[in-house]
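What follows is a structure written as C-alpha cells; I'll ask about it next.
Each chain carries a letter (A, B, C and D) given by its place in the written order, and its residues are counted from 1.
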C-alpha cells in the first residue's frame, strides 16, 4: 500500500472518529452530569438528519438545514428530558436502559409514520462538493475535510464552554456534587434540561452532517449509537477528553482495520477468501479494542478510578 | 388497512385473521413481507404491486392475509406457522430477503404449501434445495449481477473494482459478476453488512487504477456509497444490480446516481402491453412510479391468478402444472420457468436518467437473452 | 406474598390452560405462540439469575441464546447433510437428537458465559453493560460474516429434531417439552434463590463489601451466576431454534439481548415468575398490536415506558405488590 | 505476649497526600485497642489496609503471625478477621436472620450449595441465631433489615461479625449515630466481647473509648503520635497539642 493511500485512510479514520465524537460528547456529558445512560441518543441523531433533509428539500439551503437540525434535535431532546428522562435520574441503570430502549421504538416508528418508509434525500452543498488537493498529492473530498473541521471546532467549543463559561462551571459542579449546587441556588432541573438539549443538539448536528453523505432513513441512529457507546466506554464515561481520544481510536481502528486486515490475510490465502476473512475480523476489531481496553483499565482510559 | 382483527375468546389467545373477501373464500393466500422498520419500503412496494394485480382480477373467492415480518427471520417463521396452522393458507408469498426466505421456504414447502417468491431467490433453493412447490417469479439472485458482469465484458472493461457486503448474498453477487465477466480485477472488497461509511473503500478504488466499478450494496448501504462516491470526484463507469438504483431508492440518491448502469430484468419503459398497463395503473392507484419489487409482486399475483383459473391448490399436482405453464402476461415480456422453477428471461442493462425532475431508469440494452440460472443442473427435480 | 403466590399459580394454570383450550378449539397456532412465550420465558429466567439475583445488567445475553441456537443448527445441519462435523483426530457426527443438542447447548453457552464473565466481571456498572454489549456485537458480526454455517442467511433445518417417544412436529408435544423445561428450571431457580449460593449472591448484589468481609468473593459468586444464567439462556436458544427450525445471527443481535431484558423487567426483576409474566405479556402484545397497526412498535414502546416509569416491580410487582 | 494483628510501617499516599505515613501498631490478645484522631487523620485508610480493601504502598500487615499484606479482604476474613462498617453494610432487602446467616455462611466457607434451602441448614442457622441472641436481636430475626432502627442495625453489624467466630474484630465507629442509651449498651457489650477476641476500635465517642480501651493510639495526619493507656494518653503533650492546640 502506497504512503499516499495510507495517509488518505488515516484521514478517513480521523473523519469518522470526529463524527463519532459529536455523538459521544453528548452521551458522555449526559452521563457525567446526570448519571443517565441514554440509548435513545441515536434517535436524536436521526431526528437531526430528518430535520435537515426536510429543510434542505424545502429551502435548498444546507446551512439552514444544519441550523434546523441542531435546533430541532435540541428541542426534541429538551422535550424528551422534560417528559421522560428526568423521571429516570434517580433510577438504576436497568430502568434507564429499558425506558430509553422504549424511546427508540417510539421515535423510530413515529418517524416512519410521519415520513414514510422511504429514505429521504439530503446532499452535500455545491460549495463543498468535489475534492481538494492536499500537500503530498492526496486527493480528498472537500466535504469530509469540512467535517473534520466542524468536529474540531465543536471540540474546542466544548472545551471553552467547560473551562471558561458559567455554564461550564455549573456543569462541572453538577458532576461533582449535585446537592451542593442545588443548595447554592442553581436551578438544577433547568441545568439538566440544558445539558440534555446540548447533547441532543450535537447528536442532531452529527446526524445532519453525516446524513448528507449517507442514507437518511429510519434506524440510522442505532449503529452509530452503539459505536458512540464503545467510544465513551473506551474513553472513560463522563470524560469529554476521553470521548475525543476514544472516538479517534475507534475511527482509526475501524477504517484501518477494514483496509489492512484483508491485506494481511492475502499473505496466507487467495484474494477472495482474504477479502471475506479480513472483513469478518475487521467488523469485530473495534469491539476487541474495547474489550481489551476495559480489561486493561476497567473504567476506560480517562474514567474516574473507583 | 387490509386486515381486520378478531379477538378470540380468551384474551390470552388473540388471533388475527385478515381478509379481503367474505368467509366463503376457497383459496387462501398468505403474504409475508417487511412493512415496518428498515427495509419496509421494499415490502410495501411488493405488497402494493401484488394487491394491484389481485384487485384488477376482482375475485372474491380468494382470501389474502398480509403480515409484517419486521425483517426478522424468527418473526417470518412464526407468521408462516400461523398462516399454515391457523389460517390454513394454500399459497405463501411476499418475502423480500434471502435470509428470511431460507427460514420460511424449506419448512413451508415441506408441509406441502406452495411458495411463490416475489424477490429473494437464494442459490440453495435454485440448486440442491429446489422444491416442486417453490417457484421464483422474480429471478435467481445471481441474475442481475451476471447482467452487470456481461455488460462489463461487452463494454470491454478490463480492470473493474468489485465490492459487496460480507454475507452470503454479497458473496453470491461477486461470484455472479465474475461468472460473466471472467477478466482481471482491480480489486475485490467485502464491506461490512450495514456499513454506512465507504471512505476507505473509495480511497482504495482511487488508488487501484480500476477502469470501472461494480458494487452490490442493498438498501441504505447503496445510498451511502453512491453519494460518497459522487463526492470523491472519481470519474469511472459505475455498474450494479437494479436494487440500489430502483425507483424507491432514486429519490434518496439524487443526481449522484445519474448515468449508473444497472442490471435488471424489468424496467418501466420495457415495451410490452402488460407493462404499460401496469405502470399506468400503479401510478394512478398509488401516486408514485412502480419499483422493480412492485413489478415482481404484480407478476406474482398474475401468475397465481393464471394458475387458479386452471386448477385449485388443493389439487396440488394440477395446480403445480398450471403454475409451471406460466400462462400469464408478464410485465417482463417473454417468461417461462426452467426445470428448477426459476424463470428463463431476458436480462437488461438500465441507465439512471432524469425525466424532467424525476429520476428514473431507461433501458439500454439486452445483455443476456433467455437467462436461466447457474444452479439449474444441481436441481434434481 | 400470598398474592404473589396466587399470581404464580394463575400463571402456571395459564401455561396449561391456554394450550388445552387451543387444542380443543383447534387453534394450533395459539400453541405455537404459547411455545414461543414459554421459550422466551425460559431465556428470561436465565437472565433473571444474573440480573435479578446477581445484579449483573448484561446487555449481551443474546450471545448465549444464539450459541444455544447455533448448537442446534450446527449439529442438526450436519446430521441433515450426513457430513461429520470433524473427522480428525476423532470423528464427531451431527445429531438430530434433542437431548444431545441440549447438552451441547448448555455446555457451550455455559463455557461462553464463563469466558465472557472472566473478562467482564473486572468491570462494573455501565462498563459492565457495555462490555457485555461489545461481546454480543463481536459474536453477531462473527456469525454474520462466517460463511461456513450460512452467515447472515442462517441455517435452515427441514425437520424438527427428535425426542425419544415423542413426535416433536406435533405442536402440543413440542410445547410439552418446552413447558417441562420451564417448570423444571423455575423449580431449580426457586431452590437456588433459597440456597446458600442464592443467599450469598443476593447479598453480593446489595453489599459486596459485606460479602467480602465475611470471607466470600463476590466476583466468583457472580461468575458462577453468569455461567448458570448463560447456560439456561443457551438451552432456551436451542429450543427456540428448534421451534423455528432455523437459526440465524438475529438471535445474536443486541436487539435480542434488549428483548430478553425487556421480558425480565416488564415481568418483574428478581421475581421468580417475573420472566414468565413478562414473556407472556410481550408475545401477547406483539401478536395483538401487530394485528392492529403497522406502527405497533410505537405502542409497544409506550407500554414499556409506562411500565418502567410507573410500574415499579413490573407486572408481578403491580399485581402482587412490593416484595415481602 | 504476641500480637494478634500487627501493622509495621504502613505507608499509603494519594498523590501528594500521605494518608498513612509509617504506621505501626499491634492488637494483643484480650484487649481493646482504640484508635482515635481528628477527622481526616487517616483512620479509614488505615482500616482499609488492615482489612485488605486497600493495598499499602509499603509496610506489612500480619495476622495470627502470618504476613497477610498481599491477601484480599475475603482471605483475611476467612482467617478470622471480622470487621464492622462505619455506615451499616447490610443487605437491606433481606431479613435480620438472613444477614446473620450470610456471616455464618462466610465462616463455613462453603457457599457452593445450589439446591438445599438455607432455612433448613441447622449448622448455619444455629450459628446465626446464637449471634443474634448475643446482641439481643433474636426477637427481630424475621424483620426486614431496612425496617430496623439505626441502633439495631449497628447491633446487627456486630452480630454478623460474631458469626465469623473471629480471632479479632476491627470496628469502624460502632457508636456512630447511637443515642446515649444505645452507646452505653454497646459499651458494656463490647467490654464483654473482648474476652471472645481482641477488638481494634476506631471511635469518635470519647466516653466510650475512655471507658473501654486498654490501650489507645492517636492518629494525626497519617502518623501515630502516641500509644498508651488511657491515663498516659490523657497526659500526653503531643496529644494535647493535636486536639487542643496547647503549646507543649
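Just a few scattered comments:
Note that contacts are C-beta pairs under 8 Å (C-beta built on N, C-alpha and C of every residue); 3 or more make two chains touch, one makes a residue touch a chain.
No experiment lies behind these values; they were computed from the predicted model shown.
Chains that count as touching both subunit B and subunit D, per the definition above, are C.
Chain centroids computed from C-alpha atoms place C closest to the centre of all protein C-alpha atoms shown. Greatest Cα centroid separation from subunit D: this falls to B.
A straight line joining the Cα centres of subunit A and subunit B is 34 Å long.
In whole angstrom, the spacing between the mean C-alpha positions of subunit A and subunit D is 48. Chain centres here are Cα averages; for subunit A and subunit C they lie 32 Å apart.
Contact with two or more other chains is made by residues 36-37, 166, 171, 190, 192 of subunit B.
Within subunit C, contacts with two or more other chains are made by residues 141, 144-145, 147, 295-297. Touching of two or more other chains is recorded for residues 108-109, 112, 276, 279-280, 283 of subunit A. Contacts between chains, counted with the stated touch criterion, involve the pairs A-B, A-C, B-C, C-D. For subunit C in complex with subunit D, the touching residues are 188, 191-192, 194-200, 202-203, 206-207, 209-217, 221, 224, 323-324. Subunit D makes touch with subunit C in their complex at residues 51, 53, 72-75, 77-78, 82-83, 85, 89-94, 98-99, 101-103, 105-107, 109-119, 121, 124, 144, 160, 163-164. The residues of subunit B lying in touch with subunit A in their complex are 36-38, 40-41, 44, 166, 171, 174, 185, 188-192, 194, 196-197, 199-201, 203-204, 206-207, 219-224, 227-228, 230-233, 248-249, 251-256.
Listed in rising order, the residues of subunit A touching subunit B in the complex are 1-2, 4-5, 8-9, 12-13, 15-16, 108-109, 112, 116-121, 123-124, 129-131, 139, 141-144, 210, 212-220, 223-224, 255, 258-259, 262, 271-272, 275-276, 278-280, 282-283.
Only residues 14, 18, 21-22, 25, 27-30, 32-33, 36, 141, 144-145, 147, 150-154, 156, 158-159, 171, 240, 244-246, 248, 250-251, 280, 284, 287-288, 290-292, 294-297 of subunit C touch subunit B when the two sit together in their complex.
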